[in-house]
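There are structures below to look over.
Here chain A shows up in two complexes: once beside chain B, once beside chain C.
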Partner chain A sequence: MRTARLYLRLLGAHFRALLEYEADFLILALATVLMQVVNLVFLAALFARVPVLNGWTFWSMVLMFGTVTLAEGVGSLFFEGMWNLAWQINRGELDYFLVRPYPVALQSSSAAVGINGLSNIVVGGLMIGTGLAHVDVVWTPWRVALGVLLLISSVVIKLSISLATNAASFWLSSPTPLFAFAMHQVGDLARFPLSIYPMALKAVLGVALPFAFISFFPVAYLLDTGQSRWVGLLTPLVAAYCAGTAAFIFKRGLRRYESAGN
Partner chain B sequence: MRAYRALARATARSALTYRLNLLLGLGTVFVQLVALLAVWRVILAQSSVNGFTWPQMRVYLLVAFAAGTVVSAFGDFRMAFRILDGDVALDLVKPVDYQKARFAETIGGLWIEVLLIGVVVGVTLAVTGGVRTPAGPALALFVVSMLLLVPLKFLIVYGSTLLCFWTQNFIGVQWARLAVMNLLSGALIPLAYLPGWLATVAQWSPFAGLTSTPALIFLGRVDVRHGLTLVAVQLGWVLLLWFGARLMWRAGLRRLTVNGG
Partner chain C sequence: MPIVEARALTKVFRRPDKGPGLAGSVKHLFARRFQDKVAVDHIDLSIEAGEAVAYVGPNGAGKSTTVKLLSGILVPTEGEVRIDGLHPQRDRMTVAHRIGVLFGQRTQLWWDLPVRESLAVLRDLYGVDHATYRKRLARFDEVLELGEILPVIGRKLSLGQRMRADLAAALIHGPRVVYLDEPTIGLDLAVKDRVREFFRSIRDEGTTVMLTSHDLADIEGFCRRLVIIDEGRIIFDGDLEAVKDRFARERILHVETARPVPLETLRASLPGAQVTVEESEVRYAVRFDRFIMTAGQAVTALAGLTDLVDFRVDEPSIEDVIRRVYSGELVLDETGPRR
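For the complex of A and B:
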C-alpha cells in the first residue's frame, strides 16, 4: 500500500511539471488521437472490401487494436520512466536510486510521465468499448470477470516486456534504449492476427517475446475466434511468467551496475 | 557548391557511424511492410480485391517501403533540437543557405538508403517471386516520379520540422506528420480503398506523390497520359513547398528567441 502511495507521489511530481506546458500536452494528445484515427480508417477501409481476415471481423480487429493501445497507454502514463533506464545507467543516476529505501525499478519507471498515455488510454478504452458492443458474446458474470482478468494480464505483459527489454541496457551500456525500442517495433506485428504470419514469426511473437498474448490470444478466446482458442486462457499465467522474468532480469542487471564515477 | 558537397558527405559518414540508429529508424517502415505483406497475402489468396492482385499488391507495398526509407538519414530530430534550444543561431552565421544545406544533407545519405532498399526489395522478391516491369515510357515515368519523391518528402519533413519555431514540441508534430503521411500517401492502404471524398483529397494532396503516384504508374493502373498528370502534380507540389518553406523559415526566424550568448 505504502509502495503504491509513494509511487503516485513520485509520478505526481512529474505530472505537475508537465501541466506547466499545456500546449505540449494538447499537441501530444492530438497527435496520438490522430494516429489511432488513421489506424481505424485503415481497418474500416480494409474491411469494407473484405468481410473477414482469417476469421477476424472489423470489430474484433478494433478490439485487438484497442487492447494494444490501452496497454501502451498505461505504460506511457504510469511507467514511462523505464524508457529512461538506459540513460539513467549511462549517467550513473541509479546511484541516487540505490540509496533510497524504495524499489529501484519503481523509482526508475516513475521518473517520467508520458502524457500521451492519457489519450491512448481513453481512445483504447473507447475502441474496446465499441468493439465489445458490436460482437456477440454472451456476458455472464464469470465471463465479465475473466475479461477483466485478461485485460489486466495484457497490460502486465506489455509492461513486463518493456521492463525486461529496457533492463538489457545493463549489459548493452548504450545511452539510448535501442534494443528495447527495436523489440517494441517488432511487437507492432502482433496488432494483427498471429495466424497470418509464417511459423518463425509465430514462434517469436507467441513464445520468445509474447506480444501475441497482449491482444491476439485473449481476444481470440473471448470472442471464440480462430483455432486454438484455449491458448487465451493461459494469458494470466504468461503475465505472471513475464513479470517474474522481467523482475529477475532487472535484478541480475542491477548487480552488474557500476556507477559512472564522479 | 563545395560547402554543400561537404555537408552531403558528412551526413553519409554520420549515417554510417550511427548505422544502428539508422536501421532502427527504419524499423517501423520495415515492420509495416512485413505486417501488410502478411495481411494481403491472406486476403488476396482467394481473389483480387478492387482490382489488386497479390503480385501487384506486393510491388505496391515495396514501393511504399522504398518511399518510407528515403530521406531518413536527414536529421529532422537534430534540426528540431537545434531550433528548440537555439543552436540554430550558429547555422544562421554560416555562409550557406539553410534550406539548401539541409537538402544537401538529405542527398548525401541517399545512396545508403538506396542500398538498403535494394537489399530488402531483392530479398522480398526472391522469397515471393519475381515482378513484371512496365513498358519503356511507363518505366521512365516511374523513375521520374521516384526522383521527385525525394525533394517532395524532404520538403514535407523539413516544413513540418520548421513548425518547431511555433510549437516548442517536436515529438507530437512528428507523430502527427507520420500518421497523416502514412494514410494520405497510400502507404498504409491504396487510395482506391478509401471512401471517395477522402481518396480525392489524398489524390491532390502533396502526400499522394509519396507512394501512390509512383506505385500506380509502375503497376500500370494509370495510363501514361494520366501518369503524366500525376507526376506534374508532384512537381507542382515540390515547387510550391520549396518556396512555401522559404516563407515559413523567414517567418519562423522572426519568432526565434535565443537566450544567452
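For the complex of A and C:
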C-alpha cells in the first residue's frame, strides 16, 4: 500500500512537469485517438468483406483490440519510464535509484509519464464497452468478477513483458530499447485471433512471449468462441508467472549494472 | 565493530576490445574480444563510526568505483562489503536508510521540480516524519543557506546552488555514513568554504564521512585519516598529520637582500640547507628540513651576513606531498590497513 502511494508520488513529480508543456499534451492525445480510429476503420473494412474471421465477429474483434489498447494505455500512463531503462543504464542513472529504499524497477518505471496512455485508456475502454454491448454473454456476478480479474491479468502480462524485454538492456548495452521495441511490434500480432496464425507463431505468442494472453485467450473464454477456450482461464496464472519472471530478469540484470564513469 | 568494512574488494570491468572506427566496430560484431580492466584491486578498508576519511588518488585510480562498491551500487567481482554488518545488496532497503551518497558530477534532484518538492519526495521515500524533516531543513539552511534555493526548479539551478541542494538531498534522511564523491568540483571559493563548513558540522555530529576529492583543501582541517589509492590499490592508509610530518618537512625561505651576496658565503653560513638564486641576484631561496633547522635560525644566520629587505617562509601543502606520491617521487611505505 505504502509502495503504491509512493509510486503515485514519484509519478506525480513527472506529471506536474508534463503539464508545463500543454501543446505536446494535446497533440499526443489527438494522435493516439487518430491511431485507434485508423485501427477501427481497418477492422471495419476487413469485416465488410469477410463477416466472420475464423469464428470471430467484428464486435468480438473490437473487444480484443480494446483490451490490448487499454493494457497499452495503462503501460504508457503509469509505467512509461520502463522504456527509458536502456538510456538510464547507459547514462548510469540507476546510481541514485540503487541507494534509495524503494524498488529500483519502480523508480525506473515511474521516471516518465506517457500522456498518450490517457487517450488509449479512454479509447480502449470505449472499445471494450461497445464490444461487450454487441456480443451475447449472459452476465452473472461470477462472470463479471472473472471478467475484471482477466482484464487485470491482461494488464499485468503486458507490463511484465515490457519490463522483461526492456531489462534485456542490462545485457545489450545500447542506449535505446530496440529489442524491447521489436518485441512490442511482435505483440501487435496478438491483436488478431491466434487461430489464424501458423503453429510457430502460435507458439511464440502463446508461450515464449505470451502476448496472446493479453486479449485472445481471455476474450475467447469470455465469449465462448473458438477451440480450447479453457486456456483463457489460465490468464491469471500466466500473469503471475510473467510478473515473477520479469522481476527475476530485472534483478539479475541489476547485478550486471556497471554505472558510468565519473 | 567498524561501520564500513571491505575485504579483498575487487571490481573488474569487461570492456569490448574494438578496433578504431566503424570498421573496428563491425569487426567486433563477428569476432568478439574483450579486455579486462581491474578498477579496484583487493582493497581492505575498515572505517569506524564517526571517522572522517579522505580518499584520494589520481584520475582513474578507482576512487568512484570504490564508492559505488561501498554503497552497493556495483556488485563486487570478488571480495565483500559490509555496512553496519549488513550486505549492501541483500539488505539493500535497510542499508539505504543508513547511507547517504553524493556524486558531485551528477544530481539526484528532479529536473522539472523545485528543490523543495524534490526534497519532499525524498522525505516520503525515506519515511522521514515532518517534524524531523523541518528540523533538518532548518539546520541545513543555517550553513548552506538553502532557503533562497528551495523554490528554484532543478534545471534552473547554478552549479553552486545545485551542489548545496544535492548535499541536503543526500543527508535528508539522517544517514550514519555519508560518501561524498568530488563534492566541491567546479564550485567557486565562497561556496566551497560554505560547503566545507557544512562537512565539519556533519562530522561533529558524529556522522561517518568518506570524502573523495581532487581539491586537497577539502581534506586539510577536516579528515584525520588519509587513504591514497593508485591503480586500484591502496598505497597508503594512515594519519594525515603523520604524512605531513614525514613528507612535508621541507621549508623554503625566500629572502631579498639589500646587496648581492656570493652564493658560497650564504651556503657556508647555512650548512644542511640548499641555497639557490631566484629571479634577481638579490633574491635567494633557502630550502631546509624543519627538523634540522628552524626558520628563525635560518633568518638569523642570513641577517648576520647582510641586511635583509624582505623574507617569507613557504611550507608545502599536503597537496604537494600527494602530488609527489602520485608521480612516484615519494614512496610511502606505511601501507597496510590501519585498525
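The rule we apply is simple: the second predicted complex is superposed on the first by the 262 of 262 C-alpha atoms of A that agree within 3 Å, B and C clash if a C-alpha of one lies under 4 Å from a C-alpha of the other, contacts with A are read in each partner's own complex, and residues count from 1 in each chain.
As a convention for this text, contacts are C-beta pairs under 8 Å (C-beta built on N, C-alpha and C of every residue); 3 or more make two chains touch, one makes a residue touch a chain.
The structure presented is a predicted model; accordingly, all values stated were derived computationally and were not measured.
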Fit-or-clash call for chain B and chain C when the two complexes are aligned on chain A: fit
Chain A residues touched by each partner, larger count belonging to chain B or chain C: B
Partner chain in contact with A:139 - chain B first, chain C second, else both or neither: neither
Which of chain B and chain C A:49 touches, first, second, both or neither: first
Partner chain in contact with A:196 - chain B first, chain C second, else both or neither: first
Angle at the Cα centre of chain A, taken between the Cα centres of chain B and chain C once the superposition is applied, in steps of 10 degrees: 100
Which superposed partner A:186 touches (first chain B, second chain C, both, neither): first
Touching partner for A:30 - first (chain B), second (chain C), both, neither: first
Which of chain B and chain C A:171 touches, first, second, both or neither: neither
Superposition-derived minimum Cα distance between chain C and chain B (Å): 7
Residues of chain A that touch chain B when the two form their complex: 21, 23-24, 27-28, 30-32, 34-35, 37-38, 41-42, 45-46, 48-50, 53-54, 116, 176, 178, 181-182, 185-186, 188-189, 191-192, 196-198, 201
Residues on chain A engaged by chain C in the complex (per definition of touch): 6, 9-10, 13-14, 16-17, 20, 92, 94-96, 98-102, 255, 257-259, 261-262
Chain A-touching residues of chain B, taken from the complex the two chains share: 20-21, 24, 27-28, 31-32, 34-35, 38-39, 41-43, 49-50, 167-169, 171-173, 175-176, 178-180, 182-183, 188-189, 193-195, 198
Chain A-touching residues of chain C, taken from the complex the two chains share: 13, 64, 68, 71-75, 89, 92-94, 96-97, 99-101, 103, 105-106, 108, 110-113, 117-118, 121-122, 124-127, 181-182
